[in-house]
Amino acid sequence: MHQCAGGGHGQQALSRGGSSMNETIGFIGLGNMGQPMVRNLLKAGFAVKVYNRTPNKAKDAVAAGAQQVNRPSDAATAGGIVITMVANDQALEDVVYGVDGFGEKLGPGGIHLSMSTIAPETSRKLAAYHQQQGCQYIASPVFGRPEAAAAQKLFVLSSGPKEAKERVRPLQEALGQRVFDIGEEPGNANVIKLGGNFMIMAAMEAMAESFNLAEKNGVDRKLAAEIYASTLFNCTIYQGYGQMIAKKIFEPAGFQLALGLKDCNLVLEEANATKTPMPLASLLHDRLLSSVAKGRENQDWSALTRIAAEDAGLE
Amino acid sequence: MHQCAGGGHGQQALSRGGSSMNETIGFIGLGNMGQPMVRNLLKAGFAVKVYNRTPNKAKDAVAAGAQQVNRPSDAATAGGIVITMVANDQALEDVVYGVDGFGEKLGPGGIHLSMSTIAPETSRKLAAYHQQQGCQYIASPVFGRPEAAAAQKLFVLSSGPKEAKERVRPLQEALGQRVFDIGEEPGNANVIKLGGNFMIMAAMEAMAESFNLAEKNGVDRKLAAEIYASTLFNCTIYQGYGQMIAKKIFEPAGFQLALGLKDCNLVLEEANATKTPMPLASLLHDRLLSSVAKGRENQDWSALTRIAAEDAGLE
Amino acid sequence: MHQCAGGGHGQQALSRGGSSMNETIGFIGLGNMGQPMVRNLLKAGFAVKVYNRTPNKAKDAVAAGAQQVNRPSDAATAGGIVITMVANDQALEDVVYGVDGFGEKLGPGGIHLSMSTIAPETSRKLAAYHQQQGCQYIASPVFGRPEAAAAQKLFVLSSGPKEAKERVRPLQEALGQRVFDIGEEPGNANVIKLGGNFMIMAAMEAMAESFNLAEKNGVDRKLAAEIYASTLFNCTIYQGYGQMIAKKIFEPAGFQLALGLKDCNLVLEEANATKTPMPLASLLHDRLLSSVAKGRENQDWSALTRIAAEDAGLE
Amino acid sequence: MHQCAGGGHGQQALSRGGSSMNETIGFIGLGNMGQPMVRNLLKAGFAVKVYNRTPNKAKDAVAAGAQQVNRPSDAATAGGIVITMVANDQALEDVVYGVDGFGEKLGPGGIHLSMSTIAPETSRKLAAYHQQQGCQYIASPVFGRPEAAAAQKLFVLSSGPKEAKERVRPLQEALGQRVFDIGEEPGNANVIKLGGNFMIMAAMEAMAESFNLAEKNGVDRKLAAEIYASTLFNCTIYQGYGQMIAKKIFEPAGFQLALGLKDCNLVLEEANATKTPMPLASLLHDRLLSSVAKGRENQDWSALTRIAAEDAGLE
């Protein structure tokens, strides 16, 4: 699907009305995810203007061909596309309608392609705001860690107005291995993203309890992890996190526990808003909250499993 | 690994001291799992004597070459191997030391290869019993449903005395795609098996809560299931059960909910015995118990997810 | 303690620097609680100006001697005292600094005696706001239902600046049977109030599960309720709610389930903010949320116990 | 109710067909509860033969007028009454039909008044056994700790055949302040007893979570405990345990945590048998199990609240 490098990819996109290399893309947020994403956009032939709150994080992107700007608003071109990949809901709202936000600049015909993990509610709010300005908003969070972003292996979720989704499709394809259309409702891609993160944490807790039971019976945790990950659960989540949980090694953090708690809170807020009891999410929330109370917010989110181990007298 | 058909397989086994085609294997329990397993043993060249409480279930096995016997004890040969694959702990104890049980008949040098899903404690008890008779006991539960058994794709767990494990290895290889050695402690293969069933049920509950959240937001449950099963969780458990849970179709039962509750109770008993708190297992237990209180014991165990749907007002 | 009627009470208060009958008290919020509270203030000799969003609810208060005003700000006297007893945090913020709010009018030396059940965080915010205006804020939620309010039997919690607490003490004593000082930190009386409501709901769930177990064994639920309430738990909460839960009669609502969910959410928000895992509160939250999903928001909050009954197949 | 000392009481009982002072009562089990109970029986004028596994615990009872015997069977008189107050189900079964058990000796017309906290299932089993011998079985557990036993303030539960219950009534009245009739089904008094212990533990967990929230907000735990115990929850359980939980003092144990776990397991077994999901009991179970995993089995059962404190980073 992605056999065509650089220009070829852009042309293909152009032919079906998608965004083309001729237009300059704004990209806001150069964290662990944003940086490799910008590189892939550049590799695909797009011109990219980048903004990051801490300017010196833009060095690599500039070296790879991006143009650095100093204000969020400068990343936007009237009627163009701005991609955002920032830390949380507040940071996102700030770059849209805070000081020097790009929201007004984007103007009629513009598209905000919002790829951060945020609340569905924030997407709904932003969609309404952009609509007032004549722009369109697409929620487009991704599954995958920085390595996947670098390898153009992200899974990209996408919800928003049909035509706008078509226009940004070439960008999404330049960033990931597959794009999933979740309909027109702006918050829905965020719902799927949050649901996925919830399911990852649920798998972690399940592994932890199961490995603890094995350990208490004298079975090696790493053997247990290996068996499950090569039989019933031979997929990345169980393979990767299984080994971390079996070995009880939670540093350095691939994804910080504090962010896991943030996401779990977003899940529970959405559950509350839609009257969807989620007792397993409640359990995970209490694990995460306890972890933060014990000062583990900077460990990997799989460290939530330490509570189960402590409860069993295993730490 | 299983390239060699029939005799070849047996000879390979023989060369390293394993069981050979020359000896007759006893097989007790011709349910949905036992029947295809017997066929694979016959296909691999083993002579098999079969016993089943309801005799007419032996028809197919006999047609395929097995010899039917009328009492558990008749399935055993002094110093030979008896495989058991029965419904639960009680049924297993019955065929071992109940009326006409094979326990005494098996005698010195014999091996009981116990493949049912039972409590680790039952394995420990049986191991001690057989040892008194001069026999050996191997716990060897499997991962896989009847289709996997038919396709010789089971994953076979194995714990017990080293030499005995070596002798039964050719039988285990004739039944599955891979054998995992879980050490010498008799109950440990059961611990791993129960832990796996627990993790499956945990995945079901996680999917249910996540799909409910999606549905409440207007996202199609089947789309949600498909996305998760082709991205983060691209493994059989999520793919198969995901569709059932998304579609809310729980009949006919592949594995009855009543058996899921039995297994969950075994998990919690072992957790209790080893002082391993498992709050997620407690949650699943309460889901299963409620399901039985509502008369769903004969539905598929994935029907445990109906409670979450009802709690959300979705049924 | 409350032996002195009317004027006597006021004089006693006056002598230790408390509020006196000479000053007019503003009272905002004439719901089921506010109405009997105003009557008690009048009975104790205070002059009261009342405001309610729905004006015709002021009828009884006016008949009893109160003066009705048309805007929140008209309830305040510069440097005086305003009592608020409204439905929720938003309603409270509205009457303080919404249109015609009394916040600016209250002015230097004024006191806002805030008796609604609200978030500790809202109290902290309001305390800071009033301080900027030169006023003081006292959080003073109460334990007790409308009948207790009418009988001057409320338990009054009180947190805020020391001097201000002394000044409002005569008012609090005119409203209840005992006042508890919870220190100076504005949100702390709210923390204690929320903790109490949480404990009530926990007792409800405990009774429900216990009564269900009794019923399933053929023991009359009402007998079970009576035994517990006259032995281990001979206190109002178990006596009153015990009978409701035993009889499964949840209408008419003394306190609506929707308000119970609101309070439970406030508990969990505070738990989140202070990193205090509360798994029992999480369980109650999921019960309440499910109840609302099933359309029971207008039943009594003890109807949260219906979920446990349904889970047991008892409804 | 108990104004009549000794003989008067016995005569009153006699007149309505109850047990009289003329008959000798067997009493098995001289632990913290049994000892004061025997003293009260003697005080009421009954002749008592006592048995205890550790004989020297009988000293005080003998000094007070009891006759010590050396075997359980010697405590029984044909057609008489034997009271049992032992540690657990196993100990009870041992004294009934173990070596030197009193079961056969009791004979036609005899009554076993079983006051230990045991499983309903054990009561059912014992009732059936005694019936075969021509005797009757009454389950009669009590609410109250050793101090209450000493002060004749126990609450006595009673289930079993009507006539037998009438005959033992004077004994029950000599031991407690009130007797509750729970019907004819032998296990039902045990169900009520277990339900009560469950509710106590639920109240402990609720207090713990609430006090933790208070502490995290800077409110003194002891103040919080005092407020709740003198307002909403002014009953013994909250008053007594509230102070222990507030002060985090769990030694010496009034009732050992290991016994709390035993009772919680009995609750969950009965819940399982009757298909009654009890998620709050599941939560408590996991708290208790974790406590034992951490080596706290000999602390007071209110130490189960330490897990919540640890989860909040408060220990």
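Letters A, B, C and D mark the chains as written, and numbering starts fresh at 1 in each.
Following the convention adopted for this analysis, contacts are C-beta pairs under 8 Å (C-beta built on N, C-alpha and C of every residue); 3 or more make two chains touch, one makes a residue touch a chain.
These figures come from a predicted structure and were not determined experimentally.
More C-beta pairs touch across one of A-C and A-B than the other; that pair is A-B.
Our note on geometry: subunit A versus subunit D, Cα centroid distance of 56 Å, whole angstroms. Note on chain placement: the centre of subunit A and the centre of subunit C lie 42 Å apart, centres being C-alpha means. Per-chain Cα centroids separate subunit A from subunit B by 39 Å.
Counting partner chains per residue, subunit D shows two or more touched chains at residues 271, 275-279, 283, 286, 290, 293, 311-313. In terms of inter-chain touching, the protein chains here all touch one another pairwise. Taken in their complex, subunit A has these residues touching subunit D: 279, 286, 290, 293-295, 307, 310-313. Of all residues in subunit D, those touching subunit B in their complex are 265, 271-272, 275-279, 282-283, 285-287, 289-290, 292-293.
On subunit C, the positions that touch subunit D within their shared complex are 120, 143, 155, 157, 178, 180, 182-183, 185, 187-188, 191-192, 194-196, 198-200, 202-203, 205-207, 209-214, 216-219, 223-224, 227-228, 230-238, 267, 270-271, 274-281, 283, 308, 311-313.
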